[in-house]
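A, B, C, D and E label the chains in the order they appear, each numbered from 1.
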Amino acid sequence: MSEIELSGLEKRYGDELAVEDVSVTIEDGELLCLLGPSGSGKSTTLRMIAGLTSPTDGTVHIGADDVTDRPAYDRTTATVFQDWALFPHKTVLENVAFGLRMQSASKDERRERAREMLERVEMADHADDNPTNLSGGQKQRVALARSLAVNPDVLLLDEPLSNLDKRLREDMQIELREIHEDLEKTFVHVTHDQDEAFTLADRIGIMADGELVQVGDPHEVYENPKNRFIEGFLGDTNFLAGEVAQTTDESVAVETELGQEMILPSNDGDALAVGESLTLSLRPEVLSIGESPVATDAEPETATVADGGTTNEIVGTVENAIYRGSTVRYSVAIEDSSVFVERTVADSGAFDAGDDIRIRWDGADVLAFREDGTRVDL
Amino acid sequence: MSEIELSGLEKRYGDELAVEDVSVTIEDGELLCLLGPSGSGKSTTLRMIAGLTSPTDGTVHIGADDVTDRPAYDRTTATVFQDWALFPHKTVLENVAFGLRMQSASKDERRERAREMLERVEMADHADDNPTNLSGGQKQRVALARSLAVNPDVLLLDEPLSNLDKRLREDMQIELREIHEDLEKTFVHVTHDQDEAFTLADRIGIMADGELVQVGDPHEVYENPKNRFIEGFLGDTNFLAGEVAQTTDESVAVETELGQEMILPSNDGDALAVGESLTLSLRPEVLSIGESPVATDAEPETATVADGGTTNEIVGTVENAIYRGSTVRYSVAIEDSSVFVERTVADSGAFDAGDDIRIRWDGADVLAFREDGTRVDL
Amino acid sequence: MRRESLETALFRAGYLAVFAFMLLPLAVVVVTSFGASGQLTFPPAEFSLSWYESFFAQTDWLRAFDNSLLVGLGTAVVATILGVTAAFGQEIDDGLVGRLLAPLVLLPMLIPPVIFGVTLLVYFTEFDLQGSYVSLILAHTLWATPLVYFVMRSVFSRFDWQQLDAAHDLGAGPVRSFVHVVLPNVKHGIFVGALLAFIVSLQEFVMALFLSNHTTETIPVVAWNQLRNSLSPMVSVVSTFLILISLGAILLAAAATNLNWLSKQLS
Amino acid sequence: TRIFGDESAASGETLTVCVWSGNYAERFKESVVPMYEDEHDVTLQVETGWNNILANIRQSQGNPPYDVTVTDGNFYYRGRQGGLFESIRTENVPHLEEAIDYYSEFRPTEYGMPVDGAPCNIIYREDLDFEPSEWADLSSSAVENSRGIGIDTGFWWFPVHAAAIGMDDQEAAGELYDESLHDEVFDEIRNWNVQSWASSGQDIWQAFESGTIDVAQWYFEQTAYDIGDYDGLTHTLPEKTTGYLNHWCVTSGTDKRDRSEEFIDFLMRSDVQTEWSKSSPALFCNADMEYANDLGEQLPTSAEEAQNIAFPDWEQLMDYYDEFESEYASIRNA
Amino acid sequence: MSGNSNAATSGVIERFWKPLVARSRSKRALLLMAPLVIFELLIFVAPFLILLRISVSEAGERGTAYAEGTWSTDAYTNVLTSEVPREVIAHSFTIGLVATAIAVVVGLLYAYAIWRAEGFAKSLLLFSVILPLLTTLVVKTYAFRPLLSPTGTLNNLLESIGLLSTPLEIVPGLAGAIVGQVYIVLPYAVLAIYSVLATMDWQLVEAARDLGASRPRSVLEVVVPQAMPGIIVATVISFAWSVGSYAAPFLLGDNVTFAMRVEGQILRDFQWPTATALSVVMIAAMLVVIGAIVAVLSRFGGEMEYA
């Protein structure tokens, strides 16, 4: 059993609270990604699980044991560090065998298991190389093999891929995922790259300012971000400032910078008061675009709600179209504001700067946040 | 006139050929991106234009002048460096005024023009700051202002954005493009990031192994890559090994690892011999997917050409679906091989691992390369 | 946990003992300088400032101060010029000469100073330079230059050479780019290098013992000759002054750079 | 001060004199310098040196750093051999006449004049239940069983002479001048319970203070001057002893030869030595000088008494220099 | 100088300069390095050639340092066959090896402590290393006499708390000389090792601990090999300086070291051929030992760099 339970974990550096009241249970065999911007406390949390940093408050349980006061060398965790921390004066094989040597395994046993691990990560050919001469991807593999060699209950990974280039990073993500599926061990993986978290994670834990803000599976987190910070962090979106103009039992009308009221469906109109400030998130992928019905009109006209539902439609002018290989990103001017929309090239309809276009979306796809950043549950 | 003409440019370091026979004319006012992987000779080429590295062969003309033997301080170029190379012991304003001081401009003139430049890049508030205390984006702006202050005929940029984080990089790309449109000067911009090149460039020059492999506008280069290297470098694609099975006047049939012949339209069937090995590129964006018509069938069936044209269709099984926020990437197993397809979430149809699906594409969208990497002109 | 805390306690005791070992002799020097009697005893039975009073009446000590200052400054200037130019040249082009330079510069540091004293005494006599300040400065430069040179190598290796490119690119020729861009960036390093050279010269006494004469004797030489005869607290007084000067120099250097960096340079 | 080369002796008003460094120099400055300067319109520039005195003159190649220098027997001999001194014109040093014959005769006076010196004496702890009085006592079982002996190592020939004197096989230190007896002399030293090899008076006092030794060989002049600072120590001058005699020389190449000779003659005057004796318990050569305090009871005042001091005879000793030096070093390093 | 020899000189310069220019990329770089190279040739190499020359001269007549223009290997024979030089060399090597071993081990401990310390404590520890470095060697060494002599502070202290009945005879003696010499070289050893540790990644130690290494084990397995370039520099410097030590054995020891003997032979005894031959033998022996030390130590860790 290698379930990890963190309760009320806290780390203070002087006056600074690096990690604040983190409580979460990571299930046996799960791969949890800790995702958050730089300085949000991800590494500190991970290091407290590893025993490399001792918490100023709270407890860490691994399996049934309270390991809060146990030093790193006495825990059944193994860590893969950001810079891999390979021992530069030892060969690749010696690096991988190091942990077994510390466990006083016999020389033959060490060598055999180290070779086995190197084969698993496809680095057996480099067994006798000096790790400093390896490429980033190779170092990464050796670090992984070294941590796996001690057969840990929990594997902790602190941004191990962040020093690799994009192509390699993506390959390694797939590999890590395969290894995780193979081993059925608990993994905690720290990253600040949302794509990486989405690719790897069974569940994502989002950290901000030392707190664990939201934990959930990738879909859930992406579709139901708990606050504005998460919505902004997880992907490119258009944030629009708005003010509640009118509420009904079924919908809310919001006055926005786009110069027209936006209609959002709502089960609970009372949740919002007229006049309240909101931020709306209009994700580029929920926007569909087409030729403007009044394409020849000099002044972009703002259309209103088309049908009885919550479909919104608006007209704007393409400011610029950036061709990015397989996708095109349009920046569209609407009134004083501008909104960007992204289409894959394969989708029909290419527009040029200056074209008037029509943008359409379902109000149900729009997320709304209060001034304090919390999500409005519509 | 600040057209740049490079002819037969070569740079040798000892035995190593860093740049080999580069010839290209960069038009007045054009923004050319040099794009290529690390070590391909981009910086060396740029430095030879700047006069910071002297070529071992070939000539550099700027405007009407042969400047090959002129030192950097005697050329009308200005360079923005990767790490910006701001002078840390001088204030922001002094940095920007430095070039003018070297031109012996009067103190007032220097200050005035430097302020003007700082205003243009929106850094006037930081005029008296120490550049080391600025953020990456701010440093980048100051470096730009410093180079613009000397009113160069040609602006050379050596990966100035590569040290910025993704968000900032994208903003700066837009800004650079605007400045280029404003100034109507010749820009040569080095990058290894294809997105950046597509966003910025009037024309893209692709370098590999010291050679300038292809020069053309972004559409052209993306749609008509000259060789396999470029096709691989410019975006994620599925490469399939194949062999010419049959040629007609109108089409070529290629046997592939997918276990079925693929039909490609061709104006010139004789260009290929039966039995010749090819590599086909099947870009994810040309693939459309849908439910398999024989969804319940245990063994994935390979469909053949549907109509008389060159539409190809094939059936496979979803191996895994990686949810990446706004897009989903499916890895689809077909026979022993696998192909990936990418869809935005907004597009209809979500599949799960294990689902059988139908993939369809137009043979005209497939690119074919010979064994030596050159493109087959179909 | 038990074992960890025992280890921690032993480790701490170990380095605190070394800390005491490092500073104790200096404490002895300072404390004995306040001794009242003519004999150097620690701790002194009685304290007094009398030796400080008589210090200023001692012409040979005062002359030795002047000599040390002159030789130290001379060494600092010569060693800094040699070390800075060579390190700069090597940074531009690490060719054959560059590769031979490091061992050539380093070797003198491994030769016992007595041998230099002997060798240079013979050598300078040939040029009628024996006993001169020049002979002392050149001998000390032999030891000071490696320090300046290696400090400057590490300073230059950290210098962002793109700045030089940038200066050329913005129209500055070789001289102006050096003056405007390289120099301001490495001036702290040059200062530290020169300071180290000065300190080396101030400290060195074996070569000075051989090479100086009565008019050019430096402080350590005078101190040595005194120690061989009578040991009065005067030596401690002089050393206390030197410790104060050194402290001032450290603070100065720390202000110019920082202590951590400085200590890395010192080795 | 010149940057190149050393300071050339200034124009006639200054005479540069080199004396032993340490408190010898202090006492010289205290008594002799003011006396001379009062009498003459000349400034005395006093330099101090140790075993580098000859080296400094030699290196100067004819432009000597001093006009006058003190030398002991060994340096006097070496300096003569190396041509480092001007010969002294007898007519310019009339006071040589007044010197005790023994001092002016046992060494040639062509290049230097005998002025002052010191016999070696024995220092010992008052509470030692034995009072050494002659050099042979260093080999006695009482000293053997004491904490140990301290002897000079810089000027090693004095303890060597002391050993020879203590042996009594020959007159004075004759053993050293008879090759067949050399081994015995060094065996004698080997048998001493030497615990401190001192290179300065300071070392000797320190060794007593720290209880390393109970007995020591040292020079009367320094001992008498310093011993008051230390409790529980006393010293005795053996009847037969060795010691050093300083010959004062004019350095070769000086442009003040006359002035230098005049100065050396000054040093040889009885009134000067009488005055000098008040600050320095040294031995003086002028037969007419008067020792201060009760020093006259201990130091020789006549040729007969002086003959009890066996000064090293370098004319002969130099042949054995290397041999003795190695022997002595190997005893020390054993 | 005649025009002819001028031409000859410039011809010689040409002959050396041209291939140098050819083998390097920049003439400017050579010009910049030239002053130091010339300095080393004039003040280091040339005097050593003279030293070598004197060592193969005959001893001088009475009172002269050596016989100019003569050739003889007597001095070497003397140095290599007689007892005293051998003893002196052996004694110097004893001090050198023992002082080096202590300085390097203690230096490693102290450098590690500095590396791990933070803030004010770190500054204080660094300061304790730098200050002795700046204090006159002669005096700080002598300060050990009142501290370590039989009636000194240490013995008094130990006796008063009843740990000792008879005082330890540290000074004067071999132990004293070694303590003094360790004190002289320790700051250099600490800084040489610290400067390497300072560039070392603490994560390596964490990785070792994470993989099950106890604290001493992680230091041995990771810190020592990583610090090896610094340890090598510390060893070489400590050894070279201790073998050639002069002040500490003179003031605190009771035996003659090589440096003391050479000084006496040059200044007092005027036996230049013997002194120079002894120096040459000594340098040769030292370089051999240093080479061996470097070779042995490099097998345990990184390559030596000149820094």
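Operating definition for what follows: contacts are C-beta pairs under 8 Å (C-beta built on N, C-alpha and C of every residue); 3 or more make two chains touch, one makes a residue touch a chain.
What you are looking at is a predicted structure, and each value in this text was computed from that prediction instead of being measured.
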item: Farthest-lying chain, centroid of Cα atoms versus that of chain B; value: D
item: Chain of greatest Cα-centre distance to chain A; value: D
item: Inter-centroid spacing, chain D versus chain C (mean Cα positions, whole Å); value: 38
item: Whole-Å gap separating chain A and chain C, where each centre is the average of the chain's CA atoms; value: 55
item: Two or more partner chains touched - positions in chain E; value: 152, 214, 266-267
item: For chain C, residues contacting two or more additional chains; value: 4, 121, 209-210, 227, 231
item: For chain D, residues that touch 2 or more chains besides their own; value: 52, 55, 199, 206
item: Chain C - residues contacting chain D, complex; value: 37-39, 60, 121, 125, 128-134, 209-210, 213-216, 225-231
item: Chain E-facing residues of chain C, complex; value: 3-4, 7, 11, 14-15, 18-19, 21-26, 28-29, 32, 40-43, 81-83, 85-86, 88-90, 92-93, 95-98, 101-115, 117-123, 126, 138-139, 141-142, 145, 149-150, 153-154, 174, 199, 202-203, 205-206, 209-210, 219-220, 223-224, 227, 231, 235-236, 238-239, 242-243, 246-247, 249-250, 259-260, 262-264, 266-267
item: Touch list for chain A against partner chain B, complex; value: 194-195, 198-199, 218-219, 222, 234-236, 283-286, 288, 322-326, 342, 344-346
item: Footprint of chain E on chain D - complex, ascending; value: 51-52, 54-55, 58, 77-82, 154, 196-197, 199, 203, 206-207, 209-212, 318, 321-322, 325-326, 329-330, 332-333
item: Residue ranges of chain D touching chain C (in the complex, touch as defined); value: 1-7, 18, 21-24, 47-50, 52, 55-56, 59-61, 65-66, 199-202, 205-206, 226, 229
